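There are two complexes below, and they share chain A, which is joined by chain B in the first and by chain C in the second.
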Partner chain A sequence: MNFRTETIAGNVAAIRADGRLNMVSAPLLREVVSAAIAAGTVRIVVDLSGVDFMDSSGLGALIGGLKVARQAGGDLRIAGATPQVALVFELTHLDRILQNHATAETAYRD
Partner chain B sequence: MSRMLALRIVVVLTLALGINYVAWRWMFSLNWDAWWIAVALVAAETYSLIDVSLFGMMMWRAYTRPAPPAPPADATVDVLIATYNEPIDLVMTTALAAREITFPHRTWVLDDGARPELAAAAAAAGIDYLSRGTEWIDRPRHAKAGNVNNALMETQGEFLLILDADQIPRPEILDHTLGYFTDDKVALVQTPQVFSNVTVEDPLGSQAPLFYGPIQQGKDGWNAAFFCGSNAVLRREALMHLGILGYVREVEGSVRTALRDASRVVRGARRHPAARNPAVAHALTEVSHAIRQARAAIRRDEPLAEVTFVLHERVDAAAAGIVVGEVTSLADDLREISELAGTPESPYLLDIDETVARLATRELSPFKALEAVRSALDTIAIDRGHEAQPVMPLATISVTEDMATSMRLHGLGWKSVYHNELLADGLAPEDVGTMLTQRLRWGQGTMQVFLRENPLLQWKMSLPQRLMYFATMWSYLSGYAAVIYFAAPIVFLVFGILPVSTNAWDFFLRFIPFMIANQLLFFVAARGIPTWRGQQYSLALFPVWIDACTTAFNNVVLGIPLNFAVTPKTRQAHTGQQWHLIKPQITVMVMLVVAIIVGCVRLFVNGAEPIGTGVNIGWAVYDLVVLSVLFKAATYQGFTPEAAPEEHPEQ
Partner chain C sequence: MTDSDTTLALSTPPDDIDTVQDFVQRVLEPHSDIVDIDRFAFETALVELASNVIQHAAAGTGITCVLSIHADDHELSARISDTGTAGAVTLSGPVLPDDLAESGRGLALIQMLVDSVHFERVGDRNVWTISRARHPLP
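Our next item is the complex of A and B:
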């Protein structure tokens, strides 16, 4: 699992995740989100297009990141979830809270 | 299998005889002239019949499980030792034993006391150490549930062995339990809690051999064995699953409520004098539109993160609108003044954009005048800001978080296992005060779960699962029944009032077979395990059970704190005799003795009815024998190893 953070248009930090977002990588994702926010970019999008497996701990890390971002006056959004990953959101009803955007670039196009 | 057959025959027999007796009591034997004691007694007897029926249902499936498969070789495990204020030596004894568990794992001390000495001792032993972070300051700590939830965010193992600081694990504990998790639906494996610092006589009733044995096995037979807080292995995914669902449910509920409240507050604010200001009135209209649209969006099932984000943006824009209006007019005035004064570059000229941005931040905004609106809007949040962590895997609705958590896991379709092998050696409280505090806490926690998430109404569990949880809660109502069982013989012997209106033959014909079957059921179910101490305590601790029910009710329904106390793991300083703790029981014993004397006088001097008097004297003597356990408890001076270093038989 690795995470790459880049700044995209609209002063948004795009965190690209690859591999398995599970109990092993979840703490790392929380750190990456916190680091981006600490660096001053409070609008975060986590690009899940490269994630082939996700468990409840991965979801927990997204919720943790969402909390940090909101408290910093920003937001955390998700993009590019594959059908398998989208299913995990549905099974835990987390799709009632977080919306999957088509791509990281469109996540903040309101 | 023949033992199971015998057990089932006794179960059927007990229930048939019990229903026969209690039905007859209700229909044909109530003494309506003394209805107050007659109805109370038959109600207590009905309570006991339901209790024994649930016990029978448990015993119906009280199997011993075959040995589990070998553990998955690649399993990753965190061993979590939860401590609050136990002595460092005690915690480290457990931690060092945990380090020596043979299956590969990582050991963590979770110190809710944040003691630097413990951190140092753990580091010296190469054991990881965690205490709560700053996010927990000024937020509910949720005791042990909070401690473990905090650790769940910091650790990564697939499985978690949870240990209390006074439960010293044996090296094979993981090797013998992890194999059950090869079934992907298994979320929990609970093993017994047995205490090594207790004499065979067990004056404080610390051992619960019937519970950590036939009862948990019977619940397990119905897939309802529950988590008892320590000596258990849990699957992280199951706990996190629970945590995520809980987060979503909590946020959905709180956002809906907060939007409804905010609408009401905005309506109120429009009647506020400040709303006469057109800018404020305009902003309130805008906020009210935004709230209405947010509620409509939620009804259309739009994701809450987006809905709340848009709402807050619109509200911020509305607030900025007021400021822009005011600052623009202020700047116009200043400009006019400076022009009149003839100085083209006035130092008072404002950078309007910057000022607006600054004034519109929540603290400086003129919205301050409408504080209520702002604070109502602030509660429309998806970050559970009132909690340290948005995701709380272990339930926090009860001081017995363990039972509440496993009930929710069962509701989600996860399975539990009770593995009946001694794999940790515990230390029990050694004085009656600590023991009473512990029992009170268990009772309070169980009744909190009953009142907050009544298992009978948890439709996602099967009916037997619901009944198995209900059985535990039902048993904590025994304090009320006990009072009646103590009062009935006293009332007869002193006042000559008999709650049963029948002749002796009719009574004995129905009562004695039921009583014998009942005792036989316990005898067969217990498989030679001593159960008398447990029977004594379930009656003798009646004030504790009543107190537990009352305080839990006050807590859940009226919102009064429980005054929750952590059970001290070592003997308390005042090891003297603690008679003051058992005053209600001593009072009852004195009343029973007086009643027996009065009964004898009435029998021999006044010629009272001999059979009734005899039965009631026998009953009163039985009550006294039951309560006598407290003499041993109150004078118990704690455990001295040389007194009885006997090994407890593995069950």
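Our next item is the complex of A and C:
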């Protein structure tokens, strides 16, 4: 699993994730989100289009990131959820909290 | 599809959840007629279960664990047996924590993803079994 962070239009930090978001990689995602916020970008989007698998520890890391972003006056959104990832969001009803957007670039167009 | 039974023995550390998931994918890969929802659900439940086992082992000195997977035309099932300490396990149906909780969804997810989950303490081992009926073949 690796994460790349880039700033995209609207002063949004796009975190592109690749691989499995599980108990091994979830702590790293928490760090990457915190680092982006510490660097001054409080609007975060996690691009999940390269994540072919996520479990409950991945969900926990996203919720943790959402809380940190909100505390800093920002937000955390998700984009590009693949079918297994979408299933985990639906079953846990967290699709109400973190709605999926088609792409990172469209996540803050509202 | 023919029946298959495959077993993995692992020791954690150094083995981790990626070792388990690589194994699950390798076992299911030849069974190309498993529909996505069955594959996703079974794989996710198994990873949640193994994560639970590994996580509890992390508090101590590590564990050895034996994972067996059975696949046939009707059902996918797995058995995980580990040397971790006995835990208080309640399987009274899926109960999700608050929306903003950062943990505590693993066991609930497992119960939503498979048709049966069973836990028992056998001697000095914890034994988990899960099974999911497959969608009928077209």
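In the analysis below, the second predicted complex is superposed on the first by the 110 of 110 C-alpha atoms of A that agree within 3 Å, B and C clash if a C-alpha of one lies under 4 Å from a C-alpha of the other, contacts with A are read in each partner's own complex, and residues count from 1 in each chain.
The rule we apply is simple: contacts are C-beta pairs under 8 Å (C-beta built on N, C-alpha and C of every residue); 3 or more make two chains touch, one makes a residue touch a chain.
Values in this document were obtained by computation on a predicted structure and should not be read as measured data.
Mind checking chain B and chain C on superposed chain A, clash or fit?
Here the two partners, once superposed via chain A, clash with each other.
Touch test for A:L94: chain B only (first), chain C only (second), both, or neither?
both
Would you sort A:P83 into first (chain B), second (chain C), both or neither based on which partner it touches?
second
With both complexes overlaid on chain A, does A:R20 touch chain B (first), chain C (second), both or neither?
second
If we overlay the two complexes on their shared chain A, which of chain B and chain C does A:R109 touch? Say first, second, both or neither.
neither
Scan A:R4 for contacts with chain B and chain C and give back first, second, both or neither.
neither
I'd like to know which partner A:F53 touches here: chain B for first, chain C for second, both or neither.
The second partner, chain C, only.
Any idea which of 19-27, 37-45 or 73-81 of chain B is the one running into chain C?
73-81
Shared contact residues on chain A, chain B side and chain C side combined as an intersection?
Looking at chain A, the two contact sets intersect at 23-24, 55-57, 59-60, 63-64, 66-67, 92-94, 96-97.
Across the complex, what residues on chain B touch chain A?
Chain B residues touching chain A: 153-154, 156-158, 236-237, 240-241, 243-245, 247-249, 251-252, 301-306, 309-310, 381-385, 389-391.
In the complex, go through chain C and note every residue touching chain A.
Within the complex, chain C contacts chain A at residues 16-18, 21, 36-37, 40-41, 43-44, 47-48, 51, 54-55, 96, 99-103, 105-106, 108-109, 112-113.
Using the touch definition from the top, list the residues of chain A that touch chain C in their complex.
Of all residues in chain A, those touching chain C are 20, 22-24, 53, 55-57, 59-61, 63-64, 66-67, 83-84, 87-88, 91-94, 96-97.
If you look only at chain A, which of its residues touch chain B in the complex?
23-24, 26-27, 30, 55-57, 59-60, 63-64, 66-67, 70-71, 75, 77, 92-99, 110
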